[in-house]
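Both of the next two complexes hold chain A, though its partner changes from chain B to chain C.
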Partner chain A sequence: MSTIGTSVPRKEAPNKVTGRARYTNDINIPGTLSAVVVPAHRAHGKILSIDTSEAKKVPGVKAIVIGDDLSVLTGDVTQDRPPLAKDKVRYWGEPVALVIARDESIARRAAALVNVRIKPLPVVNSIPDSLADNAPLVHEKNGDYTVATPPVSPKKKSNLADQANVKKGDVEKGLKASDVKVQVHVSLPQIDHAAMEPRVAKAEILADGRVLIHASTQAPFEVQKLVAQYFNLKPGQVIVTAPLIGGAFGGKAAIQLELLAYIASKAVGGQMVKIANTREEDLTMSPLGLGLEADITLGATKDGRIQAANMKFYLDIGAYTDSAPRIARAIAAQCTGPYHVANVHTDVFCVYTNHTYTTAFRGFGHMPMTFAVERAVDELAQALKMDPLEFRRKNAIDIDNMTPTKARLTRSNLGDLPACLNEMERLIGWQGGEVQAVGPHRVRAQGVAAFWKTSSSPPNAVSGAIITMNSDGSVNLSTGAVEFGPGTKTTAAMILAEKLRIPLDRVYVHEDVNTSVNPEHWKTVASLSTYMVGRAVLDAANDLLQQLLNLAAIVLRCSPDDLDYGNEHVFVRDDPHISIKFSDLALGYKYQEGDSIGGQLMGRGRFMIRHLNLLDQETGHGKPGPAWTVGVQAVEVEYDQETHQYRVLKAATVLDAGRVINPQVATGQVMGGMNMGIGVASREGVHYDPNGTFLNPQFRSYKVMRMGEQPQQYLVEFVQTPQMDSPYGARPLGEHAVLAIGAALANALSRAANTPLNTLPITPEMIWQQRRERR
Partner chain B sequence: MKSLTKPEQVSLTINQEPCDVVIYPGETLLYTLRGDALGLTGAKPGCENGDCGACTVLVDGVPMKSCMVLTAEVEDRDILTVEGLKETPIQRAFMDQQAFQCGYCTSGFLMVGHALAQDVANASPERTIEWLRSNICRCTSYQEIYDAVSSVVHPERS
Partner chain C sequence: MIVHPFDYYRPDTLKAALAIHEELAREGRHPIYYGGGTEILTRSRLNEGRFDAVIDLKNIPETRQHGTDRGQYRFGAGVRLTELASEDLWPFLTATADRIADHTTRGQITLGGNLLSTLPYREAILPFLLTDSSTADVAGKHGVQSRALRDIYDQKLNLKPGEFLVSVTVDGQEAKGMAFRSYKMTRQDWIDYPLVTIAVARREDGSIRAAFSGWANYPFTSSHVNHILSETSRSARDRAARAVSSMPHQALTDIHGSREYREFVTQYTLTNILKELEASQ
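Take a look at the complex of A and B:
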């Protein structure tokens, strides 16, 4: 019997098809109050006054909090963000006041009566605006804020919130040695995670001092620590629960509503208060994914070997830093894409603007970074008149190469990119990058792009697992990982079932995470749960098995070394008839006389990431993650040269998954990732007007993919090169399918339209414009 | 349709059971369903303006976005929510095809799929796509959802 490698439904699947799956906003205690924000309707301005007198008169209003009532500044890295705007507003939609009332409709009515007077200031509405000489400052105190988690390198009296760099070899020499050079400028807008469940948080302060927070968060343990830190509480006092999450994509790793919920509860004497984003608030007020402008210079020899990469990335992080410095370092560390480049100089700048602030987005900066690099790589292949897939194979990073940060690559920590390229060639029926006419004005083209990613996680990230045995010999598995769709809990249960040699339905998992009950898991991010939770589960399983065998050895009057287990029995290896059931040991063993030994069997396990370090601020050298997942993506498009409309016929991914634990779930994860990546590349993007007003805060204006717009065919294959330190060899794959599919689409369409397309989203209008500008 | 100016009791038929609830004028069906009295939280708020379809229920067999329906409008109509689906082929198909990840949009897609399976016999693939365009899923590729619905609506093709 083996569970690993089989397609099993998610543990919670029956609940999800019956309406029984409960999310944060489905669990409400009668009497819960409602909090609503008053948003800023200026992107940049000085707050002159906030008049709450009319709002307070509305019957049912309990309290109104404004920025001046609070002294705390928050931030993952740099503490630059007040939970409610103070003195200044820095983006359209920023919360200015918080109205707490008996129910949401009362709170909204009152919120509309709060009179906020703002003196407009010049708006920093783009990266060039922000970098211009004498640009208005988004933060006058830039460089003076408390840094909670270094490294970060802000520049005073500027809009540069941070700067990171990586240097390897000699980039000038490398460019000189290059026969062919290309320069590419790319420009990508901010995007929204658009999880179907809008963010929601509830908080209550009990009479005994404990603070209960229920939230749609990927990071309950982080919420616990930060709420304690910001509001002078002891971490143990703060108890955070996260039930099932309705999609996350990095957007629910940021901490915003949790703080507002606590502030609201505090303002009304500790009563339970809920704050639930509307869709419009979720887009405008809560953090987005960053925008990017990048200048990429690549050089190669005539025979197609990349010699040098000189890159500048400017991130539109919006009005507050949040996790941008970490993302900047992740971009710097993987800046070459999955290619061996001996000479590298990369600078990454975090640029404040008067746009909605940003946070992690599926891929942690690798999606925009990969777009920039892969456009340049494709242009270079074209300049060399080489098959773009062949060109990538020639330069593919491999074992014994060094990453840009000089981390050593091994067969275990790096997937097999050449194998992925070979498989892709077959899977999509690669045509060598040639454009083919298929009718009057209609052509077909293929595009390819490759990705790599590591976790860029803190060097001290922890995970844990606790297993308790039930009276029937089944087990409960407790971990701190949140479930938002990828089947995290199911995977952990599969790893445990495999180890204990029991059927999967004998492992019980609980949807909710509770920081006071479950062992800590850093954050459910970075596609790390299978690796980190999985290792902790194996550790806990070993602990449990040892207890099982030790107790069985006493009962069976032998040494534990003589024992083996299977079929929910412990048995003597050379005489399996001498055996005892798990269930007879689960709560201790009871002798015939009635006296008993043992007690409940419970395994505990833990895991800590090892051998990582923070990148050196000067050189950027260091090891940012335990392993690099690699893969190749390709599309085939049909393009109309007259209307510039196009249709994606095929989209394909080949990814080195190490070992596929659940093929159907893994395939779904990759297909969904491709769909999101194609949506981002073809239609998504936040629009701001010249005043910085957020123009498209709804799904009718912020377009995401809908049924029927997906490619005619999604193709997925896995290469399996085991990662030796990961459970059963599995490599991370949750985020990855978004990373290069947009670049593959742009590469295909650039060939089809015979114009470099380096701006997203690629709409027919944008192609038309690019072609016109080129003429 | 009743004209309401203050909270008033209305009689609804939900999942074939009559239920009397007190509603406010202007209260949406989504709000009433999810409220403390009924506790039918399978229908989800996703946008509350009809863009996403996560709140879809069937009214007399037709998919309606319950955020766009006033409760007062649907007295004496048959309301079917995801909680009223009992071991239907569409639920099985969603399980088999893994037509969801986070599950938040699932109730809405199930209701549209169930209506297609019930009402529009032999809906063409084009019609099926058109109906399913009313809802948004951010996790899957839609192919899984289409395959699940199609396996029930046109089993002969799959």
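Take a look at the complex of A and C:
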């Protein structure tokens, strides 16, 4: 009996499909007050006055807080963001005031009566705007803010919030040695995470001083730490709970509403206050995914070997820094994509603009980065007149190569890209990159792109697991990772079931996370839960097994070394008839005479990331993550040369999963990733008008893929090259299917339309425009 | 969420609806007539649209009429768009109205609500604009008056304060006598506002009429453009190009598409429609 490798539904699935699953906003305690923000309707301006007198007259309003009432500045890396705008506003939709009232409708009515007078300032509305000489400054104090977690390298009196770089070899020499060079400029808009559940947080301050926070967050332990830090509390005083989460995609790793909920509760004497984003607020006020402009130069010899990469990435991080410096370093560290390039020089700039601020987005910067690199790689293959898949195979990074940051690659820490490329060739029926006519004005084309990603996690990230036994010998599993869809808890339970040699339904998972009950897990991000939680679970299982064997040894009058286990029994290895059930040991063993020994058995386990380091600020050298997941994605499109409309016929992913723990869930995760990536590449993007006004704050105008708009076929295959230090060899795969599918689409359409398409989203208008400009 | 309190009225007769409106207006209130409510809800989310009372017209039998009446097709203002499609009394109207919003929303949106929408699209008006016989039946001070659509449509249906739309009609013979095409062209998605929705009728005498939504801030037809499209001695492509350059106003530029792209899309769509209509002769 083995659980690993079998398709099982997620533990929470029955409650989800019957509508019984409870999310943060489903759990409401009578008497909870409601907080609503007053948003700025200017993208950049000086706050002249905030008149709350009319709003305060609305019956049921309890308090109104404005930026001047607070002194705290917040930020994951650089502390540059006031929870409520102070002195000036820096993006359209930024919270300017917080109205707390008996219920949401009262609060909204009152919020509409708060009169905010803002003197407009020139708007920094794009990356070029921001980098221009004498550009207006988004932050006059840039460079003087407190840095909470280095490294970060802001430039004073500029809009550069940070700068990271990586140097390897000699890029000038590499370009000189190249017979063919390509230069590609790409431009991608900011995008929204578009989780089904908008962000929500509740807070109350108990009479004994404890602070309870309930939030839709990927980072409950981070919320605990930062709330304590910002508001001078002891970490143990702050208790954060996160129930099931309705999609996150990185957007719920940022901390925003939790702070507003605490501020609101404090303003009303500690009563519980809820703040729940509308969809409009979730889009405009809460952080987005970053925009990108990049200049990529690649050179190769005529036999098709990449010699050099010279790259500049400019990130539109919006008005505040949040996690941008970490993302910048992740981009720098993986900047070549999964290719061996001896000579690399890459600069990554975090650029402040008067756009909504940004945070992590599924892929942690690797999605826009991969788009830029893979467009350039495809252009290079075309310039060399080589099959783009073959060109990638030729340059695929492999063991004994070094990453751009000179991290060493081994068979364990690097997936097998050539194997993935081989499998893709078969899976999609690769046609060598040739465009085929299928009717008047209609052609079919395929595009391919490859990706790699590591975690870019802090070097001290931790995880833990606690197992307790029930009287029937079943077990309860408690971990600190939240559940937002990818089956994190189920995977942890499968790993435990496998180790204890028990059926999966004998493992009960603790679905909610409570920072005062569950062991700490850094953050549920970076596709690391299987690896980190899994390792902690194995550690806890070993601890529990040792206790089971030790207690059984006493009862069975032998050495623990003589014992083995299985089928929920501990037995003597050479005579399995001498055995005892788990259930007779679970809560201690009771002798026939009635006296008992042992007590409840409980396993505890922990895991800490090892051998990582922060990248050197000068050279960028260092090890950014434990392992690199690699994969290949491809699409087949049908394109109308007259209207420039297109359909995606097939979208395919081959990913080295190390070991597939739950095929059904893994396949679903990859299909979902492709769907998201194709949505981003084909229709998504925030529109700002010349004044920086956010023009599409609803799903009727911010378009995501709808049912029926997906490709005709999604194809998924896994290569399995085990990662030796990961549970059962499994490699991270949660985020990865978004990474290169957009580039694959652009590569296919660039061939079909015979025009480089380097701007997202690729709408028919964009193709039409590019072809016009080219003529 | 609609955050401000408002009164809800559901009169059973035309007279009662008018009386409620009149009384509320006299009291200085801001009543609005209510069909499907989708726009009231979505605008309220953005703090747009001021009202403190809604008068639901769907319980009035006249607004729910839907059928043939002495050779006329009659469509009540309170008929849902999904009902228009399932009844399919006038396929041209179905083809146009069934591309508005999504199916769930069409189950709420009423014909009257779409025709009097505050959004610039109001695609359901397009087929009516291409007929000579269409009327709008309007309830007002003097009871229900049947007015020729062309007399009260100028960028929008012009109703006087307090009046409301009861139904629209078209002559069955005229409706049946024209071949039609209705295409909604969007930026990328099946469900989206139109870059341009083009409804084209080829009438029994062979003349062509076209109406457009999304091109400008209101739906329109143009006799000049219709004249160009009817010059069948010229090629479809040529007529479409001339039509696009002869529109009464410039195309919009907005988040859905630029002016130039709207022109491009309109031109090829019109070309295809003309070819299709004339091939099926």
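We take it that the second predicted complex is superposed on the first by the 775 of 775 C-alpha atoms of A that agree within 3 Å, B and C clash if a C-alpha of one lies under 4 Å from a C-alpha of the other, contacts with A are read in each partner's own complex, and residues count from 1 in each chain.
Heads up, the rule we're going with is that contacts are C-beta pairs under 8 Å (C-beta built on N, C-alpha and C of every residue); 3 or more make two chains touch, one makes a residue touch a chain.
Note that the coordinates shown come from a computational prediction; the quantities given were computed from them, not determined experimentally.
Chemist: Which partner does A:664 reach: the first (chain B), the second (chain C), both, or neither?
Modeler: The answer is first: A:664 touches chain B but not chain C.
Chemist: In this superposition, which partner touches a larger number of chain A residues, chain B or chain C?
Modeler: Touching more residues of chain A than the other partner does is B.
Chemist: Quick check for you: in the superposed arrangement, does A:109 touch first (chain B), second (chain C), both or neither?
Modeler: After superposition on chain A, A:109 lies in contact with chain C alone.
Chemist: Classify the contacts of A:484 with the two partner chains as first (chain B alone), second (chain C alone), both, or neither.
Modeler: After superposing on A, A:484 lies in contact with chain B but is clear of chain C.
Chemist: Output check: A:674 vs chain B and chain C. Expected answer is one of first, second, both, neither. What do you get?
Modeler: first
Chemist: Look at A:22 in the shared chain and tell me whether it touches chain B only, chain C only, both, or neither; answer first, second, both or neither.
Modeler: Only chain B; A:22 stays clear of chain C.
Chemist: After superposition on the shared chain, which partner residues are touched by A:295: those of chain B (first), chain C (second), both, or neither?
Modeler: A:295: touches no partner chain.
Chemist: In the overlay, answer first, second, both or neither for which of chain B and chain C A:643 touches.
Modeler: second
Chemist: Would you check which partner chain A:710 touches, where first means chain B only, second means chain C only, and both and neither mean what they say?
Modeler: A:710: touches chain B, not chain C.
Chemist: Touching A:695, do we find chain B (first), chain C (second), both, or neither?
Modeler: Touch status of A:695: second partner only.
Chemist: Taking the stated contact definition, name every residue in chain A that is touched by chain B in one complex and by chain C in the other, in rising order.
Modeler: Comparing the two interfaces on chain A, one with chain B and one with chain C, the shared residues are 278, 698, 700, 706, 708-709.
Chemist: Okay, in this complex, where on chain A does chain B touch?
Modeler: 9-10, 12-23, 25-26, 28, 30, 193-198, 244-249, 276, 278-279, 484-487, 664-665, 668-669, 671-672, 674-676, 698-700, 704-710, 714
Chemist: Would you pull the chain C residues touching chain A in the complex into a rising list?
Modeler: Touching chain A: residues 1-4, 42, 45-47, 102, 187-193, 255, 257-258, 261, 264-265, 268 of chain C.
Chemist: Using the touch rule from the top, collect the residues of chain A that touch chain C in their complex.
Modeler: Within the complex, chain A contacts chain C at residues 104-106, 108-109, 112, 278, 280, 642-643, 682-683, 687, 695-696, 698, 700-701, 703, 706, 708-709, 761, 763-765, 768-769.
Chemist: Can you name the residues of chain B that touch chain A in the complex?
Modeler: Checking each residue of chain B against chain A gives 34, 36, 40-49, 51-52, 54, 81-83, 85, 91, 94-95, 98, 100-107, 110, 129-130, 132-133, 135-146.
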